[in-house]
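Note that chain A is present in both complexes that follow, paired respectively with chain B and with chain C.
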Partner chain A sequence: MVKVLKTKIEIEGRVHEEVVVIDGELPAPWDSKAELTIVGQPVPRVDGAERVTGQARYTSDIQLPGLLHARILRSPHPHARIKYVDISAAEALPGVRAVICRDSTAPIKWHRSSFVFDSTLRYVGDEIAAVAADSLEIASDALRLIKVEYEVLPHITDEQHANDEASPPVWVDEPRNVIGGEPEVYKRGDVDKAFKDADFVVQATFRTPTALHNCLETHGSVAQWEGDNLTIWDSTQHIFGVRQRVAERLGLALNKVRVIKHYMGGGFGSKNGAGKYTVIAALLARKAGRPVKLMLNRMEENLVTGNRDSTVQHIAGAVKKDGTLLALKLVCYANSGAYGGGGMPIAGPVQEMYRCANVYTESWSLYTNLGRDSAFRAPGFVEGNFALESLMDMMAEKVKLDPLEFRKKNYAERAPKDNLPYSSKGLRQAYERGADIIGWHSRAWADRPAVDPKNPDIRRGYGMASQVWGGGGGPPAHAIIKVNADGTADVITGTQDIGTGTKTVLSQVAAEAMGFRFEDVRVHVGDTSLGVYAPLSAGSMTVPSMSPAVQMAALDVHKQLLAIAAEVLEVKSARLELKGSVISQGKGKKSITVKELIGGLSDYMVVGQGLRGPNDNSYAINTFGCQFAEVEVDTATGQVRVLRLVAIHESGRVINPMTITSQLYGGVTQGMGYGLMEHRVVDHRSGIVLNPNLTDYKIPTALDVPLEIVGEMIDLPDTIATTTGAKGIGEPPIVPTAPAIANAIYDACGVRVFQAPISPDVLLDALQRRDQPMVVEQPAAAELAPVSQKEE
Partner chain B sequence: MPSNLPAGHSRRTITMTVNDEQHTVYVEPRRTLLDALREDLGLTGAKKVCDLGQCGACTVIKGNRAIYSCLTLAVECAGQSIQTIEGLAQADPAPGSQLRLHAIQQAFIECDAYQCGYCTPGQIMAIKALLEHNPNPTLDEVKMGVSGNLCRCGAYPNIFRAALRAAELLRTAG
Partner chain C sequence: MMKPFDHVDANSAARAAALLGEGNQAAPSRPEDRPVRLIAGGTDLLTVMKDDIVSPQTLVNIKTVPDLDRIQFDVATGLHLGPLVSLTDLEHDTLINDRYTALAQAAHLSASPQLRNMATIGGNLLQQSRCWYYRGPFHCWLKGGDECYAREGENKYHAILDQGQCITVNPSDPAQALIAFDATLHILGPSAQRDLKVEQFFINPTPQRRALNQLDDDELITAITLPTPPPDTHSVYLKMMDRQTWGFALVSVAARITWDGDRIARADIIMGGVAPTPYRATIAEQEITGRSRSDLHSGLADRAAHKAMRDAHPLEHNAYKAPLGAALIKRALLAL
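Let's look at the complex of A and B:
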């Protein structure tokens, strides 16, 4: 019986409603008593051999007969109008097969009122023209032959002035550069009263950097036409999303577009949909009549493919003497670039992390003449948590409580935003485990002696921070399973393995639920023509969306096989058990392997189907965690060394402890980069990004990572969230790292740093100004400028 | 560049040994070794990430040293011996049998020393060069050995473990 329901799902910190069609029997959940033999094991990746031999074919590795190589001509100005483009000399260059620009293609709509090739250029990097040629070298030569005349316009790149009356608008119909025309405001309780009732008010302004994803495989596509059928290999986190957008923009039916992505060299949220490069590759390929590869170079990757928006956050907390958190206020400004969507949930941690009855947040997203913002691993929450968790430590000090005790005192037993019970919450266990490992309670807390008596400049400190995030996934997500004549199974979904181990984890779920041996299962992903619909691999939603769908398809296969075996063996199917690819009817009686059973059926194919059921909206579904840092600060040089980083997280059931630990390492490493190293530098006068490369934009190297990272999960099957009990883990581990380190730095040297990254120059500057008051304390909310300015 | 020159007018014929086999390519002098390997020989294991010598994803072994193939011109490799990731595993002649992986490759799988895998070929070649010079490295020596190889997914702790594990496997294999 088919049912059509509505359910709420969360993606990247935002909740929306989705229709879900239920056909078939949803699996009974695997609770903590379920006897699982494959799920929960540290199985090495099923595609390890491909990755270590160079045989894994990424989009950038695709080679096709007659393949052309393409490059894009980009704006050198942050804001300009094109007077004319002349592509004739480029077209005449031998080896050039197609050149396209504004004047040579039908206009294709893109962001707001703009087109793929627009007459107005809104940042350094905006697309002007594109060339496909026999080699990349010739394509680069051709770009230099394109003549463009510009009318240069005034620009604005600094988010702190984007909203000024005197600043030029990035979009003519948004004169004050505010995305949506106004800030997003959230309120609960009576914030003004709470600030008046407080014993202490602590406030500060935090600044966080624009962080660049710097996926090692750049964004790019390979496009090939066969008649009016288009095949695109795309380095993407969402093959079905790319198909949808390309089909829509090129006016093609969905079944004319096939999108393939078997391997991808990193995405981190920046590859959630089709880029202009995807459409341009298809246009060039159509014009040239040959397949085209268009991979961006490293500079383009840094300029045009999205970023974590920089923020300015004014934050204030009101607290009682006993450590009860009374109120939080946040007014934040985010730099969304010229084509950004804005609306990153920077206020998320303030709204959701702690029990706090009175909250006011006001979030401004601003257009500037820079590359657009995009999701970047826990978008908004990483930025917001840096401010909130730093403020938490400042408040703990004010009320003379240990930072961990202060957090526990304000522990949210129900979700503060909706006042719903949590489906599961293992944060308290995570606090205990993390504190034990780092030695939190036995650490020297005050008047710590210098680490090395001969070098009093070296100081050590401890810090911690908490994390809340979504990661419950949701429908629609589908899977099918085919059982072959030799008793092996092909599990087919339209999801993608972005490097997180999806294929391995889904193989475990399928084998477990079918009762097959692990080695008899193969999972196929990354092809819209062969796979069934799956959501984007982002928002920590792949495992919680896909694992229940695969589980259901596998149980369908299990049931069908038992029914067939019952017929063949002439017994009741209830008396049969299928485990390890063997169907048995109890001790001493005849058993039969799946291979023997299916092999005797003349190529009959058992096909199982599964889908992801609705979310239970009477619960809040979240992931939690905390991290503890031990750092060493050289107060003479401002250098920080992270000695230990302990990351303890709860994301429901652990399906594969090995791949999940790798995710923890990855999140911590990127979080450390965010806290200490990574910073896009813009020259506001020229509007130019000064460090669009991997030398000047610092990502952590082997020598920068913490000397020791401990990553552990609180394994807590969450059967309300999903029938496998699993939730997502992709994003949570990046959320608490930077503030845990910042708090440890304060503990080490007594200096609170109000901006990230805490690079040596920033820390030295703060150390030199340590005698100046860092925290402005005011007893009354009315004086809380600019926090209260925007209130009625 | 003058627009009237035919493409590839200055191409040269270069012969080099790649993975113990002689290969001849016909390339422009400005073509990097990385592009010659990937585009002319179809050896796409080495990756183009920065094309500027900043990340190490294109690491191959030239002679007995790990190099960035994006900073080396193909014409500079005439007569030289190059090893790439594709030459590491040995194919077993028996039908249906699997590749015999090199100890470093086995260790990478065993230690989950990757996520997306894009930097992996470069990491493995850097470790191979390291272990050839220093079969028994310390943790710090391993870190130095891969310090020119960026991993954005942050698999470093497992890469270190894999390198030490591979050294152990190679030593015990004699």
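Let's look at the complex of A and C:
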């Protein structure tokens, strides 16, 4: 029986309502008593060998007969109008097969009122024209031959002044550069009264950097037309999203567009949909009549494909002497770039992390003449958590409580925002486990002796931070399973493995639920023509969305096979058991393998279907965790070494301890980079990004990662969240890392750093100011006033 | 992406100098405009070519010149380094580690293992500025323009001492160590050979010569020689980066002390990352010369280090370099 329902799902910290169609019987949840033999095992990646031997074909590896290579001419100015573009000399260059620009293509709508090739250029990197040629070298030579005359316009790149009356508007219809025209305001309780009633008020201003994803495989597409059918290989986190957007922009039916992505070298949120490069590759291929590869180079990767917004956050907390958190207030400004969507949930941690009756948040997203913001592994929450978790330690010190005790005292038993019960929350267990491993309760506190008596500059310290995030996933998500004549099974779904182990984890779920041997299952993903719909692989939602769909399809297969076996064996199906690809009737009786059963059916194909059911909106579905850092600070040089980083998280059932631990390591490493070294630098006078490369934009090397990372999960099957009990883990482990390290630095040397990254220059500057009477209650510019009205 | 160019193998240093002399006869006004350039490891040259900072018509490959990658030592004559000695070889050479410790350490702390395998000591000394305005789409003063954009811009990596019209710092690590060991460059042109101390080789760019060194358009380095250090000479190279590896120095210090019993007979303290050239901390050297080991350890090192940074003129974003420089000098001296 078909049911049509509505359900709320959370993606990247934002809640949406979706229609969900239920057809068939949803699986009975695997609770903590379920006897599972494949799910929960540390199974190595099914495609590991292909990856490490170079056989895995990434988008950038695609070779096709007659393939052309493309490059894009980009704006050298942060803000300009194009007077004219002359592509004739480029077109005349031997080896050039197609050149397109504003004047040679029908206008294709893009962001707001702009077009793919727009007459106004809004940041350094904006697209002007594109060339497809026999080689990348010829394409590059052709770019130099394109003549463009610009009318240079005034620009604004600094988020601290974007909202000034005197600043030029990035978009003519948004004169004050505020996305949506006003800030997003959230309130609960009576914040003003709570601040009056408080024993202590602690406030500070925090600044966080623009961070770049720096995917190892850059963004890009290969486009090939066969008649009016378009195939696109795209380095993407959402093949169906790319199909939708490309079809829409090019006026094609959905079944004329096929999007393929088998392997990907990193996305982190920056590859959530089609880019201009995708559409441009298709346009060039159509014009040239040959397939076109358009992969961005490292500079383009760092200028145009999105970033984590830089923020200025004025935050204040009101607390009682006994450590009760009374109120939190946050006014934050985010730099969204010229084409950003804004609205990153920077206020999320303040609203959701702790029990706090009175909360006010005001979030401004500002347009600037820079590359756009985009999702970046827990967007908003990473930025917001740096401020909140630093403030929590400052408040704990004020009320003379251990930072961990202070957090436990304000532990949220119900979701503070919606006042709903949690589907599961293992944070208390995570606190205990993390504290045990790092030795939190036995650590020496302030005034501990220097590590090395001969070098009193070296100090050690401990710090911790908590994390809340969504990651419950949701519908729509589909899967089908075909059982072959030899008893093997193909699991087919239109999700994508973005390098996280999706294929491996779904193989485990399918084998477990069907009762097959693991090696008899193969999962196929990453092809819109062959797969059934699946959501984007972002928002930590792939496993919680896809694993129930695969589980349901597998149970469908399981049931069908038992029914067929009952017929063949002439017994009741209820007396049969299917396990390890063998159907048995119990002790001493005849058993039959799936292979034998299906092999006798003249190529009859068992096809199972499954989908993701609705979320239970009477619960809050979240993931939690905490991280503890032990650092060594060289107070003479400003160098910070993270000696140990203990990451304990809870995201429901652990399907594969190996792939999940990989996520913890990756999140911690990226979080450490954010906290200590990553920073896109802009020259505001010229509007030019100074370090769009891997030399000057510093990411952690193998020598920089913590000397020891301990990653563990609190394995807590959450059967309210999903029928497999699993939630997502892609994003949570990056959320608490930077503030845990910042808090450890404070513990080590008594200096609170109010900005990330805490690079040596920043820490040395802070240490130089240590002797001045700056105390935690009075950081610079603490008043909670809009940035633009503030004197500094 | 690079523009097309010719690639010519030279079979001798003289041939390379002749090719440079012929090709660069017109004596371009900017070093960036030289039509003929040498290529050895190429680790710096290719980056400036890819970024369109230089677009030579011809590259003269000197990797085909025999014997330019030799390391030779003789107590009487000292250390001889061919210009093609790789940073990896410098880093691992036992004798250099033993007698010229700071040089081996400086090589080890340069770049990444992959880059050190390719990079040569000669090319290392000839690196272009790493200033992001020089490397970026700015017609800056060093490239022949009118303005140094870093002065009022993003200058956290820039000079705090000896600031001229250009405030870049020299990116080389081994340069500091070579100067501490009184190294000499042997330079060949089409018609003449000359010797130049490494310390004199590096210059603060002037309006007439907007370059970081004295090498002319038609010259190449054929050897680097270092005298044998006197007995009881010790040296160290300390470098601070904004990560553990693969970074240019925020500040670095090569320190070398020759002891006469308990007294400091000679001190060399050369800093990187603080000035457009390697910077000799003369004040600190004078402060400690003639003093004893126990003086050094009872406050002298600290005082000398801080005096060395007395003349620093920090800009908006690089004030941290003065305390960092003092910390490294102090630490270096106490390690000797």
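Convention: the second predicted complex is superposed on the first by the 772 of 792 C-alpha atoms of A that agree within 3 Å, B and C clash if a C-alpha of one lies under 4 Å from a C-alpha of the other, contacts with A are read in each partner's own complex, and residues count from 1 in each chain.
Everything below uses one rule, namely that a residue touches a chain if its C-beta (ideal position, glycine included) is under 8 Å from a C-beta of that chain, and two chains touch if they have at least 3 such contacts.
Everything numeric here is computed off the predicted structure, so don't read it as measured data.
> Determine, under the contact definition given at the top, whether A:Gln670 touches first (chain B), second (chain C), both, or neither.
First partner only.
> If we overlay the two complexes on their shared chain A, which of chain B and chain C does A:Gly95 touch? Say first, second, both or neither.
first
> Kindly classify A:Gly638 by the partners it touches after superposition: chain B alone (first), chain C alone (second), both, or neither?
In the superposition, A:Gly638 touches chain C alone.
> In the superposed arrangement, does A:Met552 touch chain B (first), chain C (second), both or neither?
After superposing on A, A:Met552 lies clear of both chain B and chain C.
> Name the contact category of A:Met658: first (chain B only), second (chain C only), both, or neither.
first
> Pick one for A:Val85: touches chain B only (first), chain C only (second), both, or neither.
Neither chain B nor chain C is touched by A:Val85.
> According to the contact criterion defined above, which of chain B and chain C contacts more residues of chain A?
B
> Identify the partner contact of A:Ile38: answer first if only chain B is touched, second if only chain C is, both if each is, neither if none is.
Once the two structures are laid over each other on A, A:Ile38 reaches no partner at all.
> For A:Ile438 in the superposed arrangement: first (chain B), second (chain C), both or neither?
neither
> Answer with first, second, both or neither: which of chain B and chain C does A:Ser759 touch in the superposed model?
So A:Ser759 only meets chain C here.
> With the touch criterion stated at the top, can you tell me which chain A residues are shared between the chain B interface and the chain C interface?
136-137, 141, 695, 700-701, 703
> Touching residues of chain C toward chain A in the complex: what are they?
Touch list, chain C to chain A: 1, 3, 112, 130, 132-133, 136-138, 149, 152-154, 156, 240, 242-247, 250, 317-320, 323-324, 327-328, 330-331.
> Which residues, counting only chain B, touch chain A once they are in their complex?
Interface residues on chain B, with respect to chain A: 1, 3, 5-8, 28, 30-31, 35, 38-39, 42-52, 54-55, 57, 84-86, 88-89, 98-99, 101, 104-105, 108-110, 112, 114-121, 124, 143-144, 146-147, 149-160.
> What part of chain A is in contact with chain B in the complex they form?
44-45, 48-58, 60-61, 63, 89, 92-95, 133-138, 141, 144-145, 213-218, 263-266, 268, 295, 297-298, 498-501, 658-659, 661-663, 665-670, 693-695, 699-703, 705, 709
> Which stretch or stretches of chain A touch chain C in the complex?
76, 136-137, 140-141, 457, 636-639, 677, 681-683, 685-686, 688, 690-691, 695-696, 698, 700-701, 703-704, 759-761, 764-765, 767-768
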